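Here chain A shows up in two complexes: once beside chain B, once beside chain C.
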Partner chain A sequence: MSDTTATSHVGNQPRPYRRRVPILWWVRRRSYLLFVAREVSSVFVAWFVVFLLLLVRAVLSGEDAYRRFLDWTANPFVLALNVVALLFVLLHAVTWFNLAPQAMVVKVRGRRLPPVLIAAAHFGAWAVVSAVVAWIVLG
Partner chain B sequence: MPKQRIAPILWLLFSAGGIVAALMIPVLLALFGVLFPLELVAPPDHAHLLAVIRHPLTRLVLFGTCVLALFHWAHRFKYTLYDGLQLKGLHTAINTFAYGGALLGSAVAAYLLLLLPA
Partner chain C sequence: MARSITMQVARYRPDREAEPTMQSYDVPLRKDWAILDGLNHIKDELDGTLSYRWSCRMGICGSCGMTVNGEPKLTCATFLTDYAPGPVRVEPLRNFPVVRDLVVDIGDFMAKLSVVQPWIIRKDEETPDGEYLQTPAELEDYKQFSMCINCMLCYSACPIYGLNEHFLGPAAIALAQRYNLDSRDQGSADRMDALSASTGVWDCTYVGECSTACPKNVDPAGAIQRYKLTAATETLKSFLMPRGGR
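== the complex of A and B ==
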């Protein structure tokens, strides 16, 4: 047990001591705020799945439904939501690829590849995937 | 399944979802969510998009993206509520909501992308 946890006894049950932390602990520092913003990005990832499934359903339903979907995306509220979602998803992508070198150690002929190279490979893959997807969508 | 055995699977789904979300979502959201509505780029016509979505490979990729992204959300959102809002006491409700939501979303994605004939 670490020194931040002590035990108090309720009946015969030992219970770990927990220091009280203010609920808004994460607004105190920029790094904490960035951490929470990264976590919150997952909500916008889930929103995108809903958005994508609505698009798929509209396209499968026919031309009119697809037209209505496009009109709906131009609604100021939906547009604003998607702009915010895009910013959070970009934050997720950039922080994810920047952390990639810490998650994977690649060795070539017994020597560790420099972390910068691994991050660069991820950003390169991102650019390629984005270009291919855009090319397929736009035809 | 005991917790010790399912935890690594959930971490793996989180991690796979993280990379898929980072690769796939920005471009699709930029196009359909921002650039088409603002008329900065002309949206594709219906026939072209239908042909793209009818392709089995597109369906498989989109289905995989949906499932992994949803489990990525479930895992991260759980810890957002645990740490950000200190709701660890509600872990049963939070787990049910997060993973139940991910399973439900996956089922809808399977219906639309795998079962529905185009």
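== the complex of A and C ==
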């Protein structure tokens, strides 16, 4: 497929040439690929929400339903889907926290806090919340 | 070192061609020559029909932005020797309509620039006798964004703008922030509608290439993310305090 559009002429007035963006523009550069992967990650975030709702429904429906749900999650296909989804959600979370210092300018006594400190605070808070959740679930 | 380098230059003569073609020229490879010097050599010595924009040759005017080997660059600040042995490919800035050869139509950017009102807005009735005073710390708040030279390399690097021409774009938003963060300015509410519209900051999905391309370290991507937080806070405020949030 051509990635160009022909110039059109109106009378003697030639129009400027417009280059059409190629369909695979996002594979040409690492940052573009990462950007598209992050956009796609929203689908997997949505999948985890659905998965959580299915889990809650199974728990509410009694022990049999919960066992059936666990068997279903042990299915290789569901397991593979969840592993891929986890990788995408991690990408989503890491890029989100890396972005935080760009959006937040925090001043202490008139001085701007270094961006790395803001990122570190976010990652630290993430680790603490994850540890608490892990303690509640596994403990 | 080779004494010449081949420059492959995009040509588009709308009266003759339906789409751009590449034309090769051999130019002297000198240590102190930028891409722009090579183009000037072509224009003066080899082919006077080549069209391109330039002015100051010192990274201030923002006129000579082009695509060099696929990257948006200021051609006055990009040296031929960095591309030796060549060839080096020079094309017009991407994401803009090409008028002729390396000249693009910048009308869309000019229109967007005025939308964000990039000037100091005061609500006072009278102008003061002297200057509006400002401390060095207050200057520091916006100085980085004031370095923008309107070269449009960020628009050329932004895939969102390439896909959606309605996006306000990196430089216009960075310049809006340059005035929003200026202690002398009182116009942030006036700029808010344009900035927090769907074609404003929310169209940006943070690729970050605008900040990579910027020759002046303005960091437009940072300006946009900061304004997203401001816009979200203001929306929340107006929701919680409908009668005087702003």
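Everything below uses one rule, namely that the second predicted complex is superposed on the first by the 119 of 139 C-alpha atoms of A that agree within 3 Å, B and C clash if a C-alpha of one lies under 4 Å from a C-alpha of the other, contacts with A are read in each partner's own complex, and residues count from 1 in each chain.
One rule holds for everything that comes next: a residue touches a chain if its C-beta (ideal position, glycine included) is under 8 Å from a C-beta of that chain, and two chains touch if they have at least 3 such contacts.
Nothing here was measured: the structure is a model prediction, and the numbers come from that model.
In the superposed model, A:Ala80 lies in contact with neither chain B nor chain C. With both complexes placed on chain A, chain A has more residues touched by B than by the other of chain B and chain C. Contacts of A:Glu39 after superposition: both chain B and chain C are touched.
Of the two partner chains placed around the shared chain by superposition, chain B and chain C are both touched by A:Val21.
When both complexes are overlaid on chain A, the residue A:Leu117 reaches neither chain B nor chain C.
Contact with chain B, but none with chain C, is seen for A:Leu90 once the two complexes are overlaid on the shared chain. By the touch criterion stated above, A:Val105 is placed in contact with chain C alone, chain B being left untouched.
In the superposition on chain A, contact of A:Leu52 is made with chain B only, not with chain C.
Shared interface residues of chain A, touching chain B in one complex and chain C in the other, are 21, 26, 39, 103. Chain A meets chain C in the complex at residues 4, 6-7, 9, 14-19, 21, 25-26, 29, 31-32, 35, 38-39, 99, 102-105, 110.
Contacts from chain A toward chain B in the complex involve residues 21, 23, 26, 36, 39-43, 45-46, 48-53, 55-57, 59-60, 62-63, 66-67, 70, 73-74, 78-79, 82-83, 85-86, 89-90, 92-93, 96-97, 103, 125-126, 129-130, 133-134, 136-139. Those residues of chain B that touch chain A in the shared complex are 15, 17-19, 21-34, 36-38, 41, 43-44, 46, 48-50, 52-53, 58, 62, 65-66, 69-70, 72-73, 75-77, 79-80, 83-86, 101, 105, 108-109, 112-113, 116, 118.
Those residues of chain C whose C-beta lies close enough to touch chain A in the complex are 12, 14-15, 17-20, 94, 97-99, 104-105, 137, 159, 162-163, 205-209, 212, 219, 221-222, 225-226, 228-229.
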